[in-house]
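Below: one structure, written as structure tokens.
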Amino acid sequence: MSDIVDWLELPLVAALALAGWRMVRGPSAADRFVAFDMLTAVAVGFAALTAVATGRAAFLDVALGLALVNFVATAAFALFLERNDGAGE
Amino acid sequence: MLGAGIAALLRRRAGVAEAVSLTAHGIVLVGALLLFGRATQDGPLAVTVFGGWPAGIGVGFSARLPGAALVLVGALIAFAGAVFGHAAIGPRRRRAGYDALMLALLAAVNGAFLTTDLFNLYVWFELALLAALGLVTLDRRQTQIGGAIRYAAFGMLGATAILAGIAILYGVAGTLDLATLARLLGGQAPSVATAAAAALLLGGLALKSGLVPFHVWLPSSYAAAPLPAAAVFAGLLTKMGFYALLVVFAGVFGVAGVSGPGATFLTPALRAIAAATMLLCALSALAQTDMRRLIGYHVVAQVGYMAAGLSVATPAGVEAAVFYMIHSMIVQANLFFGLGAIHRATGSWNLRGTGGMIRSNPLFAFLFAVPMLSLAGIPPLSGFWAKLLVVRGAFEGGQAWLAVAALVAALLTIVSVAGLWSEACWKSLKGRRVRRVPWSMLAGMAILSAATLAIGLLPERVAIVAKLSAAALARMGGA
Amino acid sequence: MFVLLLVALLGSCIVPLSARYVGKGAGFIVALLPFGLAAAFVAYAPVVERGWVRGEGVSWAPSLGLDLTLRLDGFSFLFCLLITGIGGLVAIYAGGYLTDKPKAERSRFFTLILLFMTAMLGTVLADNMLLLIVFWEATSILSFLLIGFDSRSARSRRAAIMALQVTAGGGLALVAAAAMIAQVTGSWSLAAVAGNAPAIVASPYGVAIILCVMVAAFTKSAQFPFHFWLPNAMQAPTPASAFLHSATMVKLGIYLLARFEPVIAATWWGRTTLITVACITMAVASVQALRAASFKSALAYSTMASLGILVLLVGLDGPAATVAMIGFLLAHAIYKAALFFCAGSVLHATGTGTLRSLGGLARKLPMTAIACTGASLSMAGIPPFLGFISKEFLFEAQLESSWELIPLAVAVLVNAVMVGVAGVVTLRPFFLKPVRPVKVEHRESVSLFMPPLLLALAGLTISLDPDWITRVAIRPAVAAVYGRAVPVDVAVWHGWTPMLALSLVVVTIGVAIIRWWAPIHVFLRDSYLIEEIGLERLWEMTVRGLLRASAAVTGWVEHGDLRRYVVTTAVALVGLVLWSLGMAGAAIRWPVAEAIRPAEALVALIGVGGAVAAVRARNLLTTMVAVGITGFAVAITFMVNGAPDLAITQFTVEALLVVLLTALLLAVPLDAARSRRPRQRAGDAAIAAGFAAVMFVAMVDMTGAGHPTPAADWFGRMSYVAGKGLNVVNVILVDFRGFDTLGETTVIAVAALLGASLLRSRRTEPQPRQAVHYSFAAASGPLFWLLIVASVVILWRGHDQPGGGFVGGLVAALAFAVFALARGVRPAEDRLRVRPTTLVATGLLLAIVSGLPGMIGGGPFLSQLWWEPPAGVPLPKLGTTIAFDLGVFLVVLGAVLTFLFGLRREGAR
Amino acid sequence: MRKVFALIALLVSFVVDLLLSSFAVARIVLAPRIRTHPAIVAMPVRVTQPWAIALLACFTSLTPGSTCLQVSEDRRTLYLHLLDGRDPEASIAKFRRVYERHLLELER
Amino acid sequence: MIAKLLMALGVLFLLIAAIGVIRLPDALQRMHSATKAGTLGTALTVAGAVVALRGEGAGTGALAVLFLLVTLPIGAQLLGRAAYRSGTTLKGIEHDALADDRAGSDTSSVDRADRDI
Amino acid sequence: MTILYAFCAAAIMGAALYMVLSRNLVRILLGLALLSTGVNVMLFVAGDFSSRQPPLIRAGEKALGEAADPLAQALILTAIVIGFALTVVLATIVVTGWRSSGSLDARDLDAAEQPDDPEIREPHAD
């Protein structure tokens, strides 16, 4: 099973890189936070793939944890954004 | 013992807090006495591993000698601080958590003095950092915040260097137990990794203990803290850093041991640091008019003496360092107490705004003279023996210039102390009444002055402790 | 002997208390102590006479080399007699002198004087050099306290500080000398020094030892170039000046030099140095003595000159020099103390000490005038006074020694000046007509005129009947200093000798000086040159320069720019590592090459990219986000390398940081314009790169060394067997290394406390709030409970699965965060019901208490206990670790909430 | 019973819509030139229960191509951001058909 | 096999979503890609993983997906409104009903409510 | 792989140090946070991560098989939490400082750092 995981990780890394790029580049704060959401999704994907690679369901716990916590970060971001007009470059 | 200390964290109501705090400090003091007794009787290897795991695996406390003795001294200082704080700390500060922070600080310091584990040491450093930060920012004044930011930034930098050093040692040895590390590293020729780790630990711990050129953050931070806390900082915090230096270099790397050059190559650097610290900081103290900064610089200079002892890299040097540490913890805390009392009496932290203490508070003047003269190394007070040991150690170790540096710094210290005495005690304060110092402050000072006198008049006890400590450190890995 | 010292010490503390109750007679009571001691010492006379050296060794601090060995030989004995004898007179005199002072102050003065006396006795009796130093420095400190006794006067304070600076500095030189001697000879005994002289001189420390001894002696005895403190020291109350600064303390330097003479003489330059210094001192002191305007300072300079003579005599070789030294020591102590007493009486009676404005006091202070005349005649070396005898010895020593003319010429000149000064200080105040009438406020009292009179008498009687003192004091003293017995013939008349001729020359010149004192005095006073070359100024400039240097160093070091501090620190750190690497000189060990897993490599590099982006970002939000990317990448790296616990924690921490830091960013401006100049940035980049480079090298070598994992392996084997847990990391955290975790929990608790303290107040925040967003508000309730349940599950399963108290607490905190975000801080706080800090405290207590049950069975703190259900019963296993973890959970929850509520409030302001 | 069916129908239509609109977004994203026609439209709502409005908002937000930006204060209007807003009426009609229909059923 | 397919599809969607985040012109549009194409990708990947683990961790996986489904739309709404409010540039917007209505009706109640956060 | 991770740890730490050298307090704060992340990676490199298996004992087994270094993980976990606590505390202090001084420039920390005027009476210790 881990063969395919090795292959699948690559596009996932690409997605990570793209999200990261958007996160850093912006240009607006909203763009960064959208990218952050994306980052979370990719990280969950990584958790799933790692679970498969190692054969341990424990990594799905990580996925769950990520899903739990990330929403809060997004909400915080959003509230930040509403408060801070013209945040960004 | 720690439990008693931390349990008091619970109480946050002002009145209760003080009682609890005083009790806890008292308990800690008694515990420290018992511990010290055990350390001197059972020999240096009474280890308690928490959780009951075999030594070298779990994290343990050991009643090793330097540590146990320092815990006792620390407990004494903290107890005196609690007594002193009766009048110095009001309900507002107590509500802000003063007592809990002090106890946490004490817990951290004791933890660091007793632990057998390198990583655990790091944890205690962080705890001390945070507790100290809490104390520095207790009043939320502008100066305090500035000092706190600097303190925090440097604390974290130092912690990073320390943790990086620990990481490397763990990577090389796969263990964090000090004794095991000492066994593994003490006799080895240095590798790139261990050399880097040693340097990182030296840098990080030098930062924690305020050695030049890592000292810049210290005097202003001390000036920012409320007084009994500043005293405890002076007495305990920098010494905690130095203790770790001692354990790491004399113990783990075995610089003073017969067996091996774990990091002997670093001692010239340490020597340079020590000399620079002694001279530069004693010099810096001269021009200070804020008394807290003045003594703050002396605190640093004193650490320089200890480092000088360690850097000689002989058992005699380590012995001197331990003796110096015990002496200087008490003296420096007491000096800060004295400053607090002067502030209480004259309303000023600035030398120019003080005066007349000898006429208004003769008992205070006597109690204050003891640590001052001891700081200056005037016999027969503890500071004289401490300096003598350092000087002797330097000569024995063939580092005559280090002895010269120590003596020159001592002269500078005398000059500075004489000025402080003249300004605060002799000079008359025009147009203002000098208030009386409350008894609790005097009592706090008396405890420490008595200790200084006792060490001064009966130095043999402490000297033996120092000698045994040096021996214990030297065979940390060999036992 | 030791008993005597102890008596002196105790007496000094107790006896002066009498001054609090007794008025005028206090001095007499206090004087009983020194006189008693003097009597006790006299009882030793037969012993000393036989040349015995008596030591009483008590080992005190052997590890430090300190023992209480005392030695009473002739030389010490002479000193002891002087100290106690003059000490007694000083006490009597002080009783009269200080009548107008408050009782407490008087009592303090007596204490200091008696303590000083004790210290002096200790110094001259000590054989152990450490003991000697103890007392030596004590005399310096007491001198400091006595000079500054009138502490309201700025001049007194300044003089005291100057004296302390010089003499205590000299004391440090003595410390150095002693340490070096101990290093060479292995002994701290002063008596052993003479015997080991060749070894000491031959050792690499030889020169340093002698120089240090000389510095110590010169500072104490006010020799050039350290002489300037002595005239200033006259700010001390006159009894103290008489005692310390003429009769006894300043002679300690002579004592020391005499003790070290064998060593000093063993070098080719030792004697030359002594004689040169002595000559310069004498010359300078003579000129200054003539310049001096006040009674006391004229005496002070003449004292300095006398000390120069003593040093000269130590430096000269031959037994006659030693005899002369001892004789002069004795004579000088006696007459100079008397003169000081007289000066004090004049000062006390008239309130002025300026020679030129005094006159005609003989009628009002007749006894003082008599005493002064007697003492002055002795000082002038007029037969039959003791001073004459000692001067004869002096010239004999000069002529007998191998030394040539210059010292002799200087000695003649100096003695002439002494004659002059003696004449002036007697004639002008007492017998010549004053320029203006002098008002006398007090009549002389017994306690004021008796001591000088006694001393003046002593000067006469000793010289007329020198046998006893010669036998008891002088001869043994000479023997002790010279090393063997020397025949000493003390008599007023030796016949027509060259010495007598020289004396005549001296007296002639002296009389001339007395005659033309006023013009000489005025000429010298006006001389700008002498003013300029004053070393006092040099010293003051040095001290001021030090202060300036100190201010400069402080200003330079404490420039207040955090950046430069960090630069210094970082450079030092990197430099230290580089230096260490260089010194270690080991080669880098490279790890075995492994296959690169591309995806993971890329993840890690994205982490680096995040860090780089954080560096480049000019906007704080961007920076935060970039740091977050690194955190994410690191978390993923942990995850793909088999560390689910780490990953969860890191992710959770990142999310929480977002929540908390956005609150921070709401409060502050986001724009972080460049604050460093391009060159600074380049420098910083270089530092950072250097730091990274050394870290990299260290890590590479570390991994190249292989990964021994003894502890980790043990944990892997024992985790389930001993710790009853499947999640090894968690078992380590709560059990094997539970203590770390406890410490860390305390860290968090303290952080919470700090946060609560910093973010306290402002509880009265306006308006209850409505939903931020419709759906969000609607969903926050269910989400809250979902998160709470999840947190409890995570907490519970932690021992076997990824999770545990930390993450559980963090997730629970997130539940409240959701609520706070959706509905506001206040409703969230209400939902929590208790204050976060209470949670923290409870949690911490729980964590600590959970470690206690294990102690009941005699185990150490944090021994975890387990209860396992009997087989087949579907109950979960229970252990104290769960309580521990729950404690951690509560602490984390409380702490995070403290900051969450506080910071979000802060951000909302 | 009717509500259960409504719920199942809701979920099924959601999954289908999710897939379809995901593909739609994918097509836009992968097209050689990005051509979008974003618009913000107001959608009058007929459900009245708060939970139903919230669910509607969530469902419209879940499917790619549309996001609820705001619920008007009188809870009568959803403001939706559409990736493809060329035909707002059609989109609103789609949401009515796919989600609101079932929600109304559940609400009753 | 199913597992592999599901995972591949999931990863593919995630990648496409990421590409969308890069390519789409403004923040609101990017959000469509990120939050939602991401949802599908994540769900598929987790499902694939659960299948690959032969059902081990199904509960956890399901919970994770469920939670994502609950939170993502809310997050999207929050972010969307915030983005809109923060005045992010909307490229090529054809019709802005909200702007029209906002001009008329006052939405300050929300602003007021926000003050406490 | 180890060399790569070592490089990453070093690079992160270097970048963090560069940020700490800045004069903006928030940048310093974020730099310190990044620094602790870097050190955590360093600790990770110090551990044995040759296996990708998590250090979880499989149900039914008594001991850990081939797995990543659990001790290093425990240490990192502690370090993460401590770093988090410190970061948050520092953030709080920075906010407080901003509130009281209105500046984020590290140079303004020392506005009151000059030897203080004796005339300025500081409040008494209660």
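Think of it as A, B, C, D, E and F in the order they're written, each chain with its own count starting at 1.
What we mean here is this: a contact is a pair of C-beta atoms (placed from the backbone, for glycine too) under 8 Å apart; a residue touches a chain by one contact, two chains touch by 3 or more.
Predicted model only: the values in this text are computed from it and were never measured.
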item	value
Most widely separated chain from chain A, with each centre as the mean of CA atoms	C
Identity of the chain that, by mean CA position, is farthest from chain E	C
Pair exhibiting more inter-chain C-beta contacts, B-C or B-F	B-C
Geometric centre: closest chain by C-alpha means	B
Distance between the centres, which are taken as Cα means, of chain F and chain A, whole angstrom	22
Centre distance in Å when chain B and chain E are each reduced to the mean of their C-alpha atoms	55
Rounded Å distance between chain C and chain D, as computed from the means of their C-alpha atoms	80
Cα-centroid distance, chain D relative to chain F, in whole angstrom	44
Chain D, residues touching no fewer than two other chains	57-58, 61, 68, 70
Chain C residues counted as touching two or more neighbouring chains	558, 562, 566, 570, 597, 600, 640, 642, 644, 656, 665, 695, 699, 702-703, 707, 709, 711-712, 715, 737, 740, 744, 747, 751, 754, 758, 772-773, 775-776, 779, 783, 801-802, 821, 907
Multi-chain contact sites of chain A, meaning residues that touch two or more partners	12, 16, 29, 50, 53-54, 56, 58-59, 61, 64, 66, 68, 70-71, 75, 77-80, 82-84, 87-88
Contact pairs between chains, per stated definition	A-C, A-E, A-F, B-C, B-F, C-D, C-E, C-F, D-E
Of all residues in chain B, those that touch chain F in their complex	87-93, 119, 123, 126, 129-130, 133, 137, 139-143, 145-150, 152-153, 155-157, 159-160, 163-164, 166-168, 170-171, 174, 176, 220, 226-227, 288-290, 293, 340, 343-344, 347-350, 352-353
Residue ranges of chain B touching chain C (in the complex, touch as defined)	3, 6-7, 9-10, 12, 48-53, 56-60, 96-97, 100-101, 104, 107-108, 111, 117, 119-120, 123-124, 126-127, 130-131, 133-134, 137-138, 140, 149-150, 153-154, 157, 161, 164, 168, 171-177, 189-200, 202-204, 207, 213-214, 216-217, 219-220, 263, 265-266, 268-269, 280, 283-288, 358-359, 362, 373, 376-380, 384-385, 387-389, 391-392, 395-396, 400, 403-404, 407, 410-412, 414-415, 418-419, 422, 425-428, 458-460, 463-464, 466-467
Chain F to chain C touching residues, read off their complex	1-24, 26-28, 30-31, 33-34, 37-38, 40-42, 44-59, 61-64, 67-78, 80-82, 84-89, 91-96, 98-99, 104-107, 109-110, 113
Of all residues in chain A, those that touch chain E in their complex	1, 4-5, 8, 11-12, 14-16, 18-19, 21-22, 28-31, 33-35, 37-38, 40-42, 44-45, 48-49, 51-52, 55, 57-58, 60-61, 63-64, 66-68, 70-71, 74-75, 77-88
Complex contacts: residues of chain E adjacent to chain D	13, 16-17, 19-20, 23-26, 28-29, 31-33, 35-37, 39-40, 69-70, 72-74, 76-77, 80-81, 84, 90-99, 101, 105, 107, 109
